[in-house]
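Shared between the two complexes below is chain A, which has chain B as its partner in the first and chain C in the second.
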Partner chain A sequence: MPVISYRKAINQALEQEMARDARVILMGIDVGGGAGGSGDVGSVGGVMGVTKGLYPKFGSDRVIDTPISESAIIGAAAGAAVTGMRPVAELMFVDFIGVCFDQIYNQAAKFRYMFGGKARTPLVIRTMGGAGMRAGAQHSQTLHPILTMVPGLKVVMPSSPYDAKGLLTRAIRDDDPVVFLESKSLYDVKGEVPEEAYEIPFGEANVLRDGRDATIVAFGAMVPRAVAAADLLAKEGVKVTVLDPRTTSPLDEEAILDSLDETGRLVVVDESPPRCSLAADIAALAVSQAFDALKAPVGLVTCPHTPVPFAPNLEDAYVPSVARIVEAVKKTL
Partner chain B sequence: MLKAIRMPKWGLAMEEGTIVEWLRSVGDEVAEGDDLIDIETTKITNTLQATNAGRLVRIVAGDGEVMPVGALIGVLASEIADEAEVDAFIAASPVAVVEEEAEEEAAMAVQSLDIGKRINVATAGSGKPLVLLHGFSGDLNNWLFTIEGLKDAARVIAIDLPGHGASEKDVGDGSLAGLAADVAAALEELGVSDAVVAGHSLGGAVAMRLALDHPALVSKLALVCPAGLPGGFVSDDFLSGIVNAEKARDVKKALQLLVRDPDTVSRDMVDGVVKMLRLDGAQAALAVLRERMLAGGDFAALSLDALPPVTLIASRNDAIVGAPDVSALPPGWTVHWLDQAGHLPQLEAAGEVNALLRALL
Partner chain C sequence: MQLNRDELKRAWRTMLTIRAFEERVEKEFADGTIPGFAHVYLGQEASGTGVCFDLTDDDQIGSTHRGHGHCIAKGCEVEGMFLEIMGKAGGICGGKGGSMHIADMDKGMLGANAIVGGSPPIAVGAALTQKLRRTGHVAVAFTGDGASNQGTTLEAMNMAVVLKVPMIFVFENNGYGEFTSAEYSVGAKSLSERAAAFGMPAASVDGGDFFAVHAGMREALEHVRDGNGPYALETRCSRFLGHFVGDPQKYRGSEELAAARTNDPVLRFRDRVSEAALLAIEELNAIETEVRARVDAAAAAARAAALPDLATLETDVYVKY
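Coming up: the complex of A and B.
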């Protein structure tokens, strides 16, 4: 099976879905790249090069370079979706979501509900998050909790190249608005990805490690860290299950509760400040649905309640580390 | 003469193995083919057999140790050797020998053939061709222990049937004749004729159809828990379990029907099948095959009397195709019954199946 990067896996899903369905269009800042500039079209493909090569293949009608206006990009994409296209809009950094949040939570997420189920909104918002890139407090957040709490939105956090392709394919074929939250730190991670198109369903957790001593739930870029922690713990004889729910909305509660039933110990790793985080949400799930199964307090490994620091040493300390995950699991034992 | 015992490589994906248990102790005399070590991979646990006779003089990696593929794990001596000699042998031995370097021509190669549709094929070894056809919802990796075990004695060719593995998902009308025609085209592309063809389950029925429709390609048949024999059945619990599976846990439940001990179905095994089923068109292709199998006409049309020599490997604990009525089979078939396996003996009792196949080469 071919081994490709997370970036390439996303690019491949976009290319295959655009080839399969003419209604799939891309729009965003520099997603074509170079159009109207040097004439070297398709040279950039977005700030991270994810859409590179798609402009020459599909042209300016389907790969649309937009002005630098997030409210225009998302508003236009939501309108296109509800009138029959299947747009994939790129919001360069999730940090910029504030200026287009009305279009997302008060418009796109509510069309189906408010139009009596008659409107479909097959909109995908591709965006990226995550700290560790020395990009400062306004370009390093993750913000999935803000999106997860909105009814009507589906929220995806792919943690591997295989998952990125299958989940994005599913997102594009989905008739509801989906926020596809990519992790900056994963773009160069490589893994086995089939060349053929495939879908990974929403709401089904991936089990990356099996163990009966504890359960770690992690999302996005925290998944490889949770796996590394599990492998370190295994060397000390502690066997933990690692669950990646893949989508924060819908959430595979059943997988989490089933695992908790076996292990009785839960650690949630969330790249987010702690208040109203996924960590808090899943801890609430555990205590409300599986209190009798719990053998120890739920461990929460999150960022502190501060903006993402710019000083490199502070930024490194801000993001949950493998060492903190190991420590949190040990505390539950 | 000292001989290294190394961590084997069972299948392309294997990088390391865990030594579950040494079945022999230091000082034991070992014959070629004796069971030596139970080794666990992420896929399944299998027994490593001795490839040389001799006395086990050293266990380098003990029970519970995880070693990379090619690592030295023990030493056999064909003559009396003193401890110092063994120490020197171990010290001089490379830490890990990767098989592709050691036995280049025997290493497994995967290629995709264009026969008007894409057919994925793995080949290993040289000599008389041994063709391996997997069953419903399987893929060529179902034969990983067979490929590894017999590549020293044959040109082993394992094929992903249409609709399966990395082959194209187009299964046409799903008939045995159509599947056999695709296998025939792939074999012709590879320049193979007069082959020993081993088929498992649905692949067994395809092998029979292949021998009837394309007799020049097939010299002998080995049928491993084949579908379509008199007295047998096809479990729709399994077929529809796979065709309608939505989540990994549905797939796991279906796969557990295949084996005698449900614990042999590992997370990796489930993941492999789940990944295959998610590919566009995969479950639709399997749905076509399921309907065709349940209709049964293709099985009834197999002229068992007209087949080349057949070795039948059947399992008494087979929940998927049942136990065939041997009295209804043509005279001259060689029948072996297995007691320790379910429907996947090439994985559950690999040593036994490999020995039976080796005898046909």
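Coming up: the complex of A and C.
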């Protein structure tokens, strides 16, 4: 099987879906790049190069460079979606959601319900999040909790190249608005990815390690860290299950509860401040649905209740580390 | 409006400090001592310098992701700036902000801003404070051509007119927002005409010429200080480098790239004042030597400085919690 990067996997899913379905269009800031300039038009392919090569292939009608106007980008994508296109809008950094949140949560997410089931909004918002790039407080957040709490939105957090391609393909074919939250620290991670198109269903957790001593649930960029922690623990004879729900909405509650039935111990790793986080959400699930199975308090490994700091040592201390995950698991034993 | 010798020296010192600072940033970035990314202000020195020249510490500015030049022009110390950009203890924001969040309330610098279009509404608020307190001071929002298309900017323009606040919208038009040309992204084509359509006077000046920017700003200040509401000033600049340090710029043709440095505000200032015998070339050179030494020392000190104390990770989230 070909080994490609997370970045390339996303690019491949976009290319294949655009080739398959003429209704699929891309829009966003510099998704082509160079519009109106004196050099190569369309050669940039996004600030992270994720959409590289798509403009030359599909042209300016389908790879649409926009002004820096996020409300209009997302709103127009929602409007095009509800009228028959299948737009993939790029919100460069998820932090910029503040500029356009109304178009997401009051508009796109609510069309179907408010209109009594009459609307269909096959919109994908591709965006990236996460700390580690020394990008400062307004370019390093994750914000999946804010999105996950919105009824009507689906929220995807791919943690590997394989998942990225399969989940994005699913997202583009989905008839509901989906926020596809890429982890910028994973773009260069490589893995096996089939050449042909495939879908990974939403709401189905991936089991990356299987053990009976404890369950770690992790999302996005925290998944490789949870796996690293599990492998360290295995050397000490502690066998843990690592679950990646892959989508925070819908959430595969069953997989989490089933695993908890077996292990009785739960650690949730969430790159987000602790209050109203996915960690808190899943702890609530465990306590309300599996209280009898729990043999220890649920371990929550999150960021502190602070913005993301710039200084490298502070930023490293901000993000959940492998050591903190190991420690949290040991505390449950 | 003729400037006296001291004023000319001050303008030269500011422009050169920006030039030296940004050249050093470029070098430090290549050396890997600056984490994250860096957007430098090379080619736009005359704009920030001319705009801030007649402002006091009590006048406020809101800046952008390309904010180092605005910070220097507004009086931020280069020592604290280098520490901040390198994420070190003692940085102007304790190393918590970084290049895109340098702020100094005492200098009326309300922050560089990593959200395109983040500053204009904040500057409207600062101008509202000035108006309500009848201070006679003003607020300025720096905005790029790209940011001129952001909803927040357009809302801020209308509200500034409606509230008649003492504010100046400065549009630094360097032709590009990231990799997209303003030719393409600005539907109205003219930033100043679009601003005027909001109901405020608007002018467009050569942003490579300190004297043109300064004169434009004088008119703007006269208008807003007289209580007439906001004013818009477009400064047409050249972006010497790419969007960020290291941007290969394939979207700019070779001719355009070659011409990018022809409108060099620093050289133009030097030629103009020395040819008119306003300042001697020796005087200009002496200032340059002094400025470069200070900037280099600041960078070297920042390289050697310690990282912030880990305990600061959780401080300053609130005043009190």
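We adopt the following convention: the second predicted complex is superposed on the first by the 331 of 333 C-alpha atoms of A that agree within 3 Å, B and C clash if a C-alpha of one lies under 4 Å from a C-alpha of the other, contacts with A are read in each partner's own complex, and residues count from 1 in each chain.
Criterion: a residue touches a chain if its C-beta (ideal position, glycine included) is under 8 Å from a C-beta of that chain, and two chains touch if they have at least 3 such contacts.
A quick note: this is a predicted structure, and the numbers were derived from the prediction, not measured.
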**Study point:** Clash or fit, chain B versus chain C on superposed chain A
**Key:** fit
Point to revise | First, second, both or neither for A:P307, with chain B first and chain C second | key: second
Review point. Where does A:P67 make contact in the superposed view: on chain B (first), on chain C (second), on both, or on neither?
Key: second
Exercise for review: Using the touch definition from the top, say if A:A197 reaches chain B (first), chain C (second), both or neither.
Suggested key: first
Check your understanding: How wide is the angle at the Cα centre of chain A, looking out to the Cα centres of chain B and chain C, in steps of 10 degrees?
Key -> 140
Review point. Residues of chain A touched: more by chain B or chain C?
Key: C
Check your understanding: Which of the two partners, first being chain B and second being chain C, lies in contact with A:K295: first, second, both, or neither?
Key -> neither
**Study point:** First (chain B), second (chain C), both or neither touched by A:G166
**Key:** first
Check your understanding: How far apart, in Å, are the nearest Cα atoms of chain B and chain C after the overlay?
Key -> 36
Revision key, fill the gap. Seen from chain B, its contact residues with chain A in the complex are 166, 169, 246-248, 267, 275, 278-280
Study note, to complete from the structure: In their shared complex, chain C is touched by residues of chain A numbered 29-30, 33-41, 43-44, 47, 65-72, 95-96, 98-99, 133-139, 304-307, 309-314, 317-318
Check your understanding: In the complex of these two chains, what residues of chain A are touching chain B?
Key -> 1, 162, 166, 194, 196-201, 204, 207, 210
Review point. Inside the complex, what are the residues of chain C that reach chain A?
Key: 35-37, 87-88, 91, 95-101, 113-118, 146-147, 149-152, 176-187, 249-256, 307-308, 310, 312-314, 317
